[in-house]
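Residue numbering begins at 1 within each chain, and the chains themselves are lettered A, B, C, D, E and F in the order written.
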Amino acid sequence: MTATVKKVERVVPDLAMKAYVPAILEGLGVTTRHFVQNLGNLVSGRKKSKRGTEEIATIRYPDEKREYPPRYRGHHRLMRREDDQVRCVACFMCSTACPANCIYIEAGEHEDPTIEKFPVRFDIDHLVCIYCGMCEEACPCDAIRMDSGEHTKPKYSRTDQRVHLVDLLERGGPSIAKQGGRFS
Amino acid sequence: MTTLILYALLKIAGFVLGYVMLTATLLTWIERKQSALAQDRIGPARASIMGLRLGGLLHIPADAIKSFTKEDFIPDTPNPWLFKFAPVIAFIPAFVMFAVIPFGPGDLIISSASFGVLFILAVTGISVYGATLAGWASNSSLSLLGGLRAAAQMISYEVTMGLSLVGIFMVYEDVNLQNVVIRQGSNVLNWGIVTQPLAFFLFLAAVIAETKRGPFDVAEGESELVAGYFTEYSAMRFAMFMLGEFIAIVGVSAVLVTFFLGGWQVPGLEETGGWYTVLQVSAFALKTWFLCWLQLMIRWTLPRFRYDQIMHLGWRILLPLSLLNVLVTGIVLAIIHG
Amino acid sequence: MSDALVKAIQSRFGDAVLASHAMAGDDTVILRKDSLVDVCRYLREDPSCQMEMLVDVTAVDWQDKKEERFEVVYHLHSLSLNHRLRIKVGVSEDDLTVPTLTGVWRGANWPERETWDMYGIRFDGHPDLRRLLLYPEFEGHPLRKDYPVRGYQPLVEMPSLPVDREDSEE
Amino acid sequence: MNPIYDPYLPLGILLLLAIGLGLAIIFLNGILGPKRMSKEKSTPFECGNDPGTNPRQRFDVKFYLTALFFIIFDVEVVFLFPWAVLYREQLLAGNGWFFFAEMVFFLGILTVGLAYVWKRGALDWE
Amino acid sequence: MPTLKINDQEVTVEQGTTVLKAAAETGVEIPTFCYHPGLSAPANCRMCLVEIDGGRGPQLMPACYTQAGEGMDVKTDSPTTKDAQKSVLEFILLNHPVDCPICDQAGECTLQDHYFDYSAQPSRLRHTKVHKPKVKVLGPNIVLDAERCILCTRCVRFCDEVTETHELRVTQRGDHSEITTFPGLDLDNKYSLCTADICPVGALTSRGFRFKARVWNNKRTKSVCDQCARNCSTFVDTLRNDVKRVSPRTNEEVNSWWACDEGRTAFKKYQEGRYLKGVISHEGTTNELAPSDSYHRLGSQLSQTVEAHGGEAVGILIHPSWSNEDIFVAAQFAMEAGFSLYVGGRATDGYEDNILIRGDKNANRYGMNLILEAMGVKHGGVDSLAAAIEAGTIRTLLILDGEHALPESVITSIGQVEKVIALAAWQTPILDAAHVIAPTRLVYERGGTFVNFEGHIQRFHKTQMHDVNILSPWHALSTIARAGGWDMQYDRISDVFAGMAEMVPRFAGLAYQELPDDGVTTVQAASTGAV
Amino acid sequence: MTVYGKEGHTTVDHLHTREMVLNMGPSHPAMHGTVKMILTLDGETIKDADIHVGYLHRGFEKMCEEQTWNQVMPYTDRLNYSSPLINNMGYAMAVEKIAGIEITPRCRWIRTLASELSRVTDHITCIGAQALELAAYSPFLYGVEARELLYQLIEELTGARLTVSYARIGGLRHDLTDTFEAHYRERLPRIHQLMEDVHRLLTKNRIYYDRMAGTGVISAEDAIDYGFSGPVLRSTGVAYDVRKNAPYLAYGDVDFEVPVGSEGDNYDRYLIRVEEVKQSLSIIDQCFKNMPDGPVNIEDWNVVLPPKEEVYNTIEGMIAHFKIIMHGSDIPEGEAYSYVEGANGELGFYVVSDGGRGPYKMHVRGPSLHLMQGIHEMMLGGMIADLVPTFDSINMIGGEIDR
């Protein structure tokens, strides 16, 4: 295998470099450029400078929020059926797929024989969760999703980080995914 | 006598407490905000009183309150008293340095002592004690290394600092700072930076080293020594080092302005008195601010020297250069006047 | 390429090679324990092998699945000839020792320490056979199959260096 | 001298003020801050470990050397100041070259000293 | 003795062996749904179709039904066979509902396994599936989901051939076929849960276990049923330390493939009233005690009585459902201290049939007799206990386990005993009379050995764990004895077993750790030991 | 102790200074990734160094033995947390090697692209952190800003910035998004500009040069002997790069150069990383150009999860889905050592399968482990301050050493 090798060019210190000052001035030029342009942006309220290059990369977080991409894995939510019932049938796929074992489910028998099974309890411990998305991937009913677009918020106690069925359902909207052999 | 005291107090209040302390406290904010802007960040903006944020300015009182209400603990050390007073020792020299700096024409100088520059050199010499004693008294290896580095570095650059000023004195024939400023006059071409350009750079480097600021901050180089000589300090004692450092920044900027940037002189303005004085005091303030800004910018631009490189730079480059500067100044002056 | 290598070892060391295979394209020889160092030295020094780099050392615990419970696995790589070889040595539970390869490659040091740490296989002649990843007070060797996944260990006091206070008086 | 230019009194006031301010700040902190000492807090910081060695021991002699050099050179620098202030006056007075030569001689001694320690390796930090 | 080739491997089998079994002998697995070794082979699922060349050219034949013939050439991995398997699976899955999420069988479903192993093809169906009744209750223990049924008729055959109660039948035709009970008949025979076990899919499920847990999360432990003298081999499934299900473990020697409903649901009765702490009752007030303290309490009580009134004054009521080790330690303790030993136990004349269930509801009477006999311990029954209480010779009565079916005479007279102390795992009425109760472990929480009515010794394992401080009966007794000042040094069950094997000739040569999963017959052990 | 006598350096016993033993780390600003070095110092010179790792040990290999093949993926994210995508790909490749799975062409290119994205972020982090610990704060934040732009891309692609869990056995979790390339191109000029700023602040700055050049030197022989790889090995002039020596994924089909150094010092490593960032950006560009359309996952329901549409609506899909999640993908018995060029060097996965639901044995050959076992060679005789750039330039990652 002939590797295409490139020898990196080391800087040979010349007098200008040895004198410290030119490099320092150049460096100061760079930082000052950023400083001046950002100051201009800040004062004038522009997002970007006229050249379109300098911009302040950070945001004032709680006041201003970055929009998460659609695939962002955030707070879990449980979707609903068309009749607003919980879509989850307590199949335990998510808790099985979960590498962190953070999902606790208890199944119950539903009166409606077409639903049969539903979760009586559905707890996720967000302190244990590693937000890997395996549960979402493992769900065979489009019930659990992580696309709520919000991340898990800090809480004051450990128990508060254990979210329950109600919290999860609150975030969930109706899912339109067809299921159970009903092709559209 | 009473008037004398009152007048002195007025000047102290106006200059040291008003201008210097204000600038130093503002610098704690500016350091963060300026670096933030230079690095494409927003910087401090969180502290607020009822939604009012003032661009993060409220962080200054917030920090003060925090520092005051934190536990000030003293580690297990054989020298608790040294430990306790080292921050004060570090703080005082930076503070009293302003006594001999003229901030305006005439008697707008707290102490018009004729030994002005000697006082500054003496005071910066004393400031070595703060860091060294802190490092020693902390009874920690990291602190000790930091303290030793601080001591060696500061005294090494002290020599360059003194030597680079010799040229200034040769040109302006006085060691009283007010007189140096007056001799520089309102003509920019007669200012120290033009007549003694090399000395300016030497002195700038030396004073940055004296204040232990980047790129000379090996004494507190956090990637090696965690926080150097003040690793063990907490609460307001820790803040005193910081405050002392920022006051020292203002101090050395003022000294630089005085020696090299014409002090309170406004270019082209010969008269003094009345509104002119106000203008000149403002000019002094602005020049000092600019140099403060420059020092901060340098700190946020450059990497840190290694300790031996600092010593190398000080003894083998800056010292010979400052000797050379004296020699060249002497020759040039001799040629001009000879 | 490496096939030739396996043959070379076989012809040179004969019965030192217990078996060889090339599963998924990785050439493997299974060696007798006592000839490990000799074979490795040969592999490193012989111009036709030039295995300058010991890539990795680890072990596998076969518990009841194989006759010899442990298998120490070495991966070798030749930078100049760009070929690789895997060497395996069986270690039975009665004699948990393997000769060290630190004399052949200095790079064997830490991986061997890790293997000792995780499997309790002792490397004879290793200059500094301490635990690598776990703390000295740890009991057991966690990557053995009989070590429970949730094997909790008692908390230990933070280890500290002895402080020599006497020299301040000198 | 005009008493208004008396240099020492304001200096003294400022010094007292500095000391007072420094002590006051620390005193105030002592009152406002909590006091909760613990064994861990009182041990010197060494990355979470107990200290490896006692810091109170002989440290590198180079630090002492530096201090010595500083004293030598700084004192010599101070000698230069009066000379520097008078240099131009002396130039104008006409004995400039003699005065200059004096300084060169003095600086020469200084330089020789520097060259000596340099050559001897005392400025080598490894 | 025909010789045939299976995947080019020659094998000679007994005349009349099916190809399926012959293949199994060579280690080749042929997938099946309807075939069950304990039932007749109807060959109706067609999953076991393999390519067999019996001399008339290769053709697909059901391996479970076809007898091995001389010179047969069987190919289980030929393209034709594989294609047949895929087709059969596709056909079976045609109307199978998309139910895995709610189906209890998921995880141990033969259909899932076979599909994954033999097909893994996408569906080609884009039409609505046939719908059938979903939650159809067949009996007290069984519920049917007709959609999931693949009509293998295992359940029908089970009711016809094993229990011979004939409750189930297939009705309708084609894709409307469905399992039903005969009108007016419920599926409520004594073995009805076995139909759920043998159902290869999730059509028949256990109502008790329904939705309680997912099978792949369960921890499965080998155990032995202690509800009658049969000692059926079982699996105990636990989840988070909780017994969820007990199912039969195939053991030709004891229970073949089956187990009765009663034994399998017995664990539920232990879920309430469990003793996790020692209890002291004193004039109507009860106090709790740490387990270890309660053992000490018992020990000192016993030693006090012995000191005051001699060993005879202590009556000890042992239970024939306890394991050999427990009984051995109890007997040794009684001998050592001179206690009077009485044998209690559950009813001995319960329901009995000729399938599995025995009338004697005590798991280990055989083993107990072996031990007591070998040790020569004097022991009496419950009647003699009643007599002794009446006579007033018993000052302290130590009841071991609370599950004794005691005669009226004992129950009425027990109040006369000065001190009634007990070592029990869960609350029973008889324990109301006890003054001090020390907790011990349930049968699911400990290991040990039973000998069944035929002399077959089996080992059961610990399946769950509540508190390590609660000890198994043998260990608790050993601790109690030590606390009372007697010399009993048993801390490991294998030591107990070794001591017992030394003393009981029928156990000679056995070692606790080396008992096979299926157990051994002690009669044989004794005979080989004698030789 | 040496004093300066007539003969130059003479040892005088009674003037000795005690050697100072200094614990550096685990809780130390420079010891990122938590490592402890017990240094023996003579003044400021390092005389001896005993390196203790393991503070981030979390039983990775033990955990893997308990999980299904795909469940291991999130764990691999946390090996080299600066370039999680490369770890993902490395692990997936090892399992695919055992099973003999040939991934789809599009998947190959996406994996290449993702690996290179990760490499860029890793190198930028390393360059920035190195500057940061030499107190040059601005280059660090410019680097972070550039990295952030890429992290946002990674987030768009995978759903998370760091804990990506992107690869799957036999494919990937997602295809590229439609806007991915456009977003990348939009950000590229800014990234280039920021890297240029970093270069202007550092490369020719003498302070930086003095700190970096001639410090942390190691010879090629030592480096190979200790099992070094990646930029550290290349800085000694050995042109070893897995992407060239044993091309995997689509690396055989792209043009790039392997930068090597000559001195084996910190400065060379800095230059190599800067150059590799450029090369990687060029590879990414080629990936976009050459990437074919087509499926991302292989069509084997024994290995990859069926598409959701099939899972929801067909029993076949549902069963395959259930089986893979309950009992793991169908991977045959066997063993394989698969290695990729991680940002710090050869990242190898030695996986043994017993045909079960997950790895029987999993071993990760983290490049940092070998770098750390030889770091004392680079440190001894240097000053304590040199430790900082040296330690940074090998870019020690606790996650892959301690596992």
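The criterion applied here is as follows: a contact is a pair of C-beta atoms (placed from the backbone, for glycine too) under 8 Å apart; a residue touches a chain by one contact, two chains touch by 3 or more.
In this text, all values refer to a predicted model and were calculated from it rather than measured experimentally.
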Along touching chains only, what is the step distance from subunit D to subunit F?
-> 1
Ranking chain pairs by contacts puts first B-D
Chain nearest the overall C-alpha centroid of the shown protein atoms = F
Most distant chain from subunit D by Cα centroid = E
In angstrom, rounded to a whole number, how far apart do the mean CA points of subunit A and subunit D lie?
-> 55
So what's the Cα centroid distance for subunit B and subunit D, whole Å?
-> 14
Compute the distance, rounded to whole Å, between the mean C-alpha positions of subunit B and subunit C.
-> 59
Quick one: report the Å distance separating subunit A from subunit F, using the average Cα coordinate of each chain.
-> 22
Taking each residue of subunit C in turn, which ones touch at least two of the other chains?
-> 82, 161, 167
Subunit D residues touching 2+ other chains are 46-49, 51-53, 55-57, 59-60, 62, 125-126
Flagged in subunit F as touching 2+ other chains are 18, 20-23, 28, 38, 44, 63, 138, 145, 201, 205, 207, 245-246, 312-315, 318, 321-322, 326, 383
Which of the residues in subunit D end up touching subunit B in this complex?
-> 3-11, 13-15, 17-19, 21-23, 25-26, 28-30, 32-37, 41-47, 51-53, 55-56, 59-60, 62-63, 66-67, 69-70, 73-74, 77-78, 80-81, 84-89, 91-92, 96-97, 100, 103-104, 107, 110-111, 114, 118, 123, 125-126
Can you list the subunit F residues touching subunit B in their complex?
-> 20, 22, 28-30, 44, 131-138, 141-142, 145, 201-202, 205, 207-208, 210-211, 383-388
Subunit A-facing residues of subunit B, complex = 34, 37-42, 45, 201, 297-298, 300-302
In the complex, the residues of subunit A that touch subunit F are 1, 3-11, 13, 17-18, 20, 23-24, 26-27, 29-31, 34, 53, 57, 68-73, 93, 96-97, 99, 130-134, 137-138, 140-142, 146, 177-183
Residue ranges of subunit C touching subunit F (in the complex, touch as defined) = 23-26, 52-56, 58, 60-61, 65, 73, 75, 79, 82, 84, 86, 105-107, 109-111, 114, 118, 131-135, 142-143, 145, 147, 149, 161, 167
